[in-house]
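First chain A sits with chain B, and in the next complex the same chain sits with chain C.
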Partner chain A sequence: MKRYSFFKKQENHKSTDFTDVLEHLQKSKDFTSFTLNFENEIYCVSFFDTLIDKDIMHRDLLPYLHTNSSTLEELVHNLPIEGLVFTKNPAELQSQLLMGYIAITLNKSDQAVLVKAANNTSRQVTLPEVEFSVVGPKEALVESLDTNLYLIRKRLPIAELAVEEIIVGKLSKTRVAVLHIEGIANKENVETVIQRISDLRVNQIIDSSYISQMIEDNKNSPFPQFIDTERPDRLAAVLGEGKVVILVDGAPHGLLGPSTFFEYFAAFEDYFLNWTIASFFRLIRFFAVLFSILMTPIYVAVLTYHYELIPKDLVSTLVISRSGIPFPPILEALILELAIELLREAGARLPTKVGQTIGIVGGIVIGTASVEAGLTSNVLLILVALSALGSFTTPVYQMGNTIRLIRFPLLLMAYFLGLLGIAISFCFLLVHLLRITSLGRPFLEPLYPPRIYDMRDALIRLPFFLQAKRPIEVQTEDTVRLEPKEDSKE
Partner chain B sequence: MRILFAKLALILLLISVLSGCMGVESKVLDEINLATAIGYDYVDKTHFEAIAVTPLYYPDKTIKNITFSSKSSLSKDVRDEMNQQSERPIFSGKLEVVLYEKRLAKQGIFYLIDTLIRDPSIGTTLKLGIVEGSSKGVLSPQFGNIDKGIYLSNTIEQNIKMGMLPKTNLHLFLYAHYSEGMDPFLPIVKALDGKVYIKGNAMFNSKGEYVYQTKSRENVIFKMLYENTTSKEGFSTKIEGREFASVNNIKTKRSYKISKPMTDTPITIDLEIKALLREYTGDEVTPKMIKIIEDKMSKDVKERSENLVRNFQKLHVDPLGIGEQVRTRTRSWDKKKWDEIYTSIPINVNAKVEILESGVVE
Partner chain C sequence: MNDKSDQISPFLVFFLIVKIQVGVGVLGFQRIIIQSAGHDAWMAVIISGVVFSLGIWGMYKLLNRHDMDLIGIQKRLFGKWLGGLLNIIWILYWLMVGISVLRSYLEIVQSWVFPQINTWLVTSIFALLIYYVVLGGFRVVAGFCFLGISIPSYLILTFYFPLEFTHFRNLLPIWDHSLKDMALASKQMSYSYLGVSTLMMYYPLVKHRNSSQKWAQLGNLTSVFLYLCLTILTIGYYSEGQISRYIWATLSFWGIVQMPFVERFEYIGIATWVLVLVPSVCLYMWVSARGISQYFKMKQKTIYALLLILLVVMTNLIKGRGMINQFVDYISNLGLILEIPYVLFLVCLSTVMSNKKEDKK
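After this line comes the complex of A and B, so read on.
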């Protein structure tokens, strides 16, 4: 099923005739159109050089045009390729030519046959780079939608896996695929996604992140509401949970929703490890995130307002490390936090080989030298470095960015109002998290609304046999995923 | 969107502007002087001298104490006068120890403790102490590379955990003072060339006046009678002639038997003591000998305990909280009546010493 959602009203070239279309396309230098005369038939073959696979043309198309066939039907009958479309519609002819089809017209017919010969140059399936795991599958999505669909479908060889395709973008005509498993996924979720994507009125969709930013429930929230993943195995797994997956042609990342806050801290590798170890790693990640958000603000608050809270044995350490530093704690903290952010940003922008020097510059020059110069205290340096490290433990990159961002308002509030300020801004954060939804489902589930069953796979991951039901969050049609043994029914 | 940004901008503006009006004053840790110990010395009947110790931390990790002193009749005045001497404001939020001179304690120290209770930045785990000699002598000498207040607090804490001091702090002092049928006590410290020396416990009467100091042999007994303990501290008993036995690693359990509360029927305190034999100057320790040591010790503890309790009764102080024990067992509690009968109630102590280990000798 195809849904065309582009702007028919604004279609400028309402071509009336095939020849008009072809003439119009002749303006592009990479458009080729030639005629072949056989006996009294004149074929006109047209295509974009750059879009088609010439092997297909030379091997599977041109040799068969010599055979004697007087109509297009006869010609088609002789061609050894699939994906042939007859059309009488000049608009379709044009759009298909632009998708990498070869058009063959016969001089006396008002029909054209379109032969699929798109050039499928894409990257090989490679190792996942963003979500690398030591154990488990090592395939990552690539830029080609067909390859990506293949990677998912080979993991779910069932008829129920439904793929809906929507073309989005007036200029880019990007193919967006929405995947779900019929009978498991909640129709409401699927329809919501399809409706939101169909309603998009944009020129270009370059990447899946465009889609995720445009169809999120709360577009002003710094928190991502769709998980962005490059692992086909993760996509296949969440499809089995009843979630909806969005793939975009040209994007090596897929989106999945609805998602909860806690899922962003679950690495997919957690499912490949024993549940005790996986739970431990998850708890460490949550601790790291809390540490990352709160540590520097607490340092600033305590040193600025609440000296009473410092344990008596720690006072001397803190005072000595701060002695001779001319800045108040807030400035000191801001300087270091900004330094870390600069390092990260510089590291991300530089080519890999140059990027290595950033580590050295950051570690030695900024770290050691600023302490020696008496600009920052070494206690704070440790805290800031640890909290930066903590924010990098988040498996989903977008969430890591969010965590780094929300540190700064907390830091300022800690400076203005001390621990009270931290408490206030933490409440703001909590209220915000309670309010946002992902595809209409609560984001902070299973914490709120409290759903005990879903806690089996949130902060910790219990063994598979204890997760017999699919997450309540998704409101699946079929809730049971672990079927009881036959004999246990008796 | 515009409304959202307007809201955000308003909130930010309000926070940054109004935080000035909320009276939150910043006290940056390295821009203030933290008083860690305060001592009060007797000057005359109405005046006292206060000494505050604040640590100065140097970048080369040495710590030096500076002391401020001032004479007054009100703690508040003292603080002002000290601030006039200091380059940085003095704050008392990290106060660890407050000491009172014995002569001052004799007059009652409650009017001085009042300022500690009123200040919300002072915690109730603060340690109080009585000084023999002057508190200036205890607080002013520099001791090693450690802040004097922290040193004092650690010393007292260590002796509570492992030694002969019963648990004591501001909270417990106040509890004992305000509860009916219990009187407070505090540790007594003495200066000993730069260090301090914990001498014993000072007992206060119900008016908060210092009345009695335990002798060194009474300290362990007092701790055992006051609470269930586990301490490293031990005691020794004369067995026969020149033979002595001493035990330590004591675990005690104390229970009250009050058959008829609020009458002058005898009150019995049962002490169960489990200890390790650490020293014995006699010959071989046989099971038979252990039995003898246990019996002798039980008798000794009983005697010493009963003496101590009798002493308390004579002075009309009740640091053990016997009145408190009676109060929990009766409905007809009457403080006045209790005060009348307290001195005359016979209080017996039953001690049972059990030696669990006699050590490794061979």
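After this line comes the complex of A and C, so read on.
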């Protein structure tokens, strides 16, 4: 196994001492190591100059090193820096050097001191782009884990907010943080998440989506089982509901679980609006999604097999729009659906400004031209465009992708078996949703298992005072969310 | 197999009972009972409903005493050999009901929507779907039954359309038929209520099972209510001469549904009926497989695969209206004996035997 030779070599270094480690690292151009001679001692300062913040080194470290001290403890005694680590382990020395620490070693001592001077250049906290909301907070997570933790902790200044950190990835050494509120979150959920993450044996974790794909309950399901969000306010809110949050260093998105099917259709903005309006929007979204999944297949089924289903007046409209079209409905529908997918994919891969042009070219030019050329019918064009719109209404991006994918099997079944085929594939879809779980909790809850209480925040969102308890789905330890008011007479 | 995650809440028994009783029969039960009891047929619906309430009571009596499923109870009461034989009869019965349900549905599809349909292909697709459901365990089967009631329940709204043309005077005069006619109609009505015996297999998987009887009874009452409404509607809407010509009276109701965008609602109704029917076939398959697995040490997957192959083959071998009718009649007659008199007999037997044991002590 040649692949692993690199790792084995690395492991061998454990038995060696500091000088070997430093020599080994010298191979890199950006590794710097210099010695400082004081009266009686020789100190060696080493670091990666690309990883550290040089201001910290010049301002807070080097000026303080010009003292006469015979031990490391004395030397660093008056350093104005936090995060000092003493170590005797060469392996730790190496890994910390690679994390942006400065190592100071003393010639005769077997100890080294590690000074934290990591260069924390990261993006500024900006507006959320995927989950933009008109009202409500406008902060989005960034790539730095520490900043993200700050954004969440700022909203939950309580001691019970527990952060567990796990290092994952043999190559990437990614910091993965698991957050929950003690006393609210179900311990079983937290332990499952931690267990699954620590069991991961992978080389690299580049993004939170890696984690979510690897620790999902049903890895072959097209349905996402962890909600991916860029809003720290949403993360703080679900922590309060008793869910578990996963943050990954380098990922501007957090994961939250366990999640249910219906949560993927809840925009966080729903909570900023009046409950009547929010419920209306949610119902619209569900309708849009159902429409998006079913409309083109129904068109294909009806026009292929069940002409009788359409009333007389409507049939003439359809016939006129389809007269002169050389393709059967299924081909017509597939062409248009694929065209829409092409547009979407092209728009997603191109820079924003070019993307808009693509949208106009694709939407208007191709659409009109294909109708005028007599390749597709007007009616179908309207239906396909509407169902594409419908699939974009899902607030969670991943769910939108799923919705677009599952249209195609339905389309083919509609072609083979008409309405019966649609019904059968719809059954498959339902059963699939029934079978999958999120962190062991049923995905289709509160529809099944039926829990009336949780319905208050599923298809519709009832006012806050009616949601005094946390969702049953999460199986929280402390179920009461809204404490009853004290008696006003007293 | 009895792990806790597979257990269901007691109130789901309600849905399982309704689900198993309201299947393909609803689409065309009216003709047969109205032929026997005329405009008094609605009484037969109530009478046989009450009989089934009694049957459910008997089942709970039996199950609560032994706290195990029917297979175990028969083994205990009749010993290894006789009990085994009776168990095989029951398992075959459930299997055949499952097959007959699917077959009857396909017949509807053939006569209303696709006369030329390739039954091998369609049954294979159905078998795949059922396989996917039952492999999920009882939790998924029960869930599918639940959704199989809640989603198609919108169809109830469509009965508003014939309501306009209903003459409730058709119901008068009440009690115009002889007792013999009523008894015959009640017996024929009982076919539509069959299936509650599956309760005796999933009973161990119900939480707080001893107190779940109220849900089962409520489920039975709901079915009675549904059948009753449909019967009264049928009597009011059709004349007696007309009804004898409609094999699927409920389907014919949908002929009158008119909406600006839908002309022949039957097609939508029949397609939706997939959701009504597949869950009950799944439940029958699950029940038979659970029975078989207690006799043969086979993997669940293999048992299901074999059962479903049998399902596909049998469904395709039974052809033609006459043969289907005959098959369904045989099965229903067997079911009628097994589900009511035999269960009550078991109750008596187990009471006598447990009394004897107490005497010995």
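Quick note on the criterion: the second predicted complex is superposed on the first by the 475 of 490 C-alpha atoms of A that agree within 3 Å, B and C clash if a C-alpha of one lies under 4 Å from a C-alpha of the other, contacts with A are read in each partner's own complex, and residues count from 1 in each chain.
The rule is simple: contacts are C-beta pairs under 8 Å (C-beta built on N, C-alpha and C of every residue); 3 or more make two chains touch, one makes a residue touch a chain.
On a predicted model such as this, the values are computed, not experimentally measured, just so you know.
K.L.:
Touch check for A:L430: first (chain B), second (chain C), both, or neither?
P.N.:
second
K.L.:
Counting only touches as set out at the top, which of chain B and chain C does A:L273 meet: first, second, both, neither?
P.N.:
In the superposition, A:L273 contacts neither chain B nor chain C.
K.L.:
By the touch definition at the top of the document, which applies to A:P449: first (chain B), second (chain C), both, or neither?
P.N.:
In the superposition, A:P449 touches chain C alone.
K.L.:
Could you tell me if A:E308 is touching chain B, chain C, both of them or neither one (first, second, both, neither)?
P.N.:
A:E308: touches chain B and chain C.
K.L.:
With the two complexes superposed on chain A, say which partner A:N220 touches: chain B (first), chain C (second), both, or neither.
P.N.:
Touch status of A:N220: first partner only.
K.L.:
After lining up the shared chain so the two structures overlap, which partner does A:P328 touch, if you call chain B first and chain C second: first, second, both or neither?
P.N.:
A:P328 sits against chain B, while chain C stays out of touch.
K.L.:
After superposition on the shared chain, which partner residues are touched by A:S316: those of chain B (first), chain C (second), both, or neither?
P.N.:
Only chain B is touched by A:S316; chain C is not.
K.L.:
Tell me the contact category for A:G418 with respect to chain B and chain C: first, second, both or neither.
P.N.:
both
K.L.:
Overlap the chain B and chain C contact sets on chain A and report the shared residues.
P.N.:
Of chain A, residues 305, 308, 310, 312, 417-418, 420 contact chain B in one complex and chain C in the other.
K.L.:
Which residues of chain C touch chain A in their complex?
P.N.:
Residues in contact with chain A: 8-9, 12, 109, 113-114, 122, 125-126, 129, 132-133, 136, 139-140, 143-144, 146-147, 150-151, 259-264, 267-268, 270-275, 278.
K.L.:
If we count contacts the way the header does, which residues on chain A are in touch with chain C in the complex?
P.N.:
305-306, 308-312, 314, 417-420, 422-424, 426-428, 430-432, 434-435, 442, 444, 447-450
K.L.:
Contact residues on chain B for chain A in the complex?
P.N.:
Contacts found on chain B: 1, 4, 15-16, 19, 22, 24, 26-30, 32, 34, 36, 55, 57-59, 61, 63, 91, 93-94, 96, 121, 123, 147, 150, 153.
K.L.:
Hey, which residues of chain A end up touching chain B in the complex?
P.N.:
220, 302-305, 307-308, 310, 312-313, 315-316, 318-320, 322-325, 328-329, 413, 416-418, 420-421
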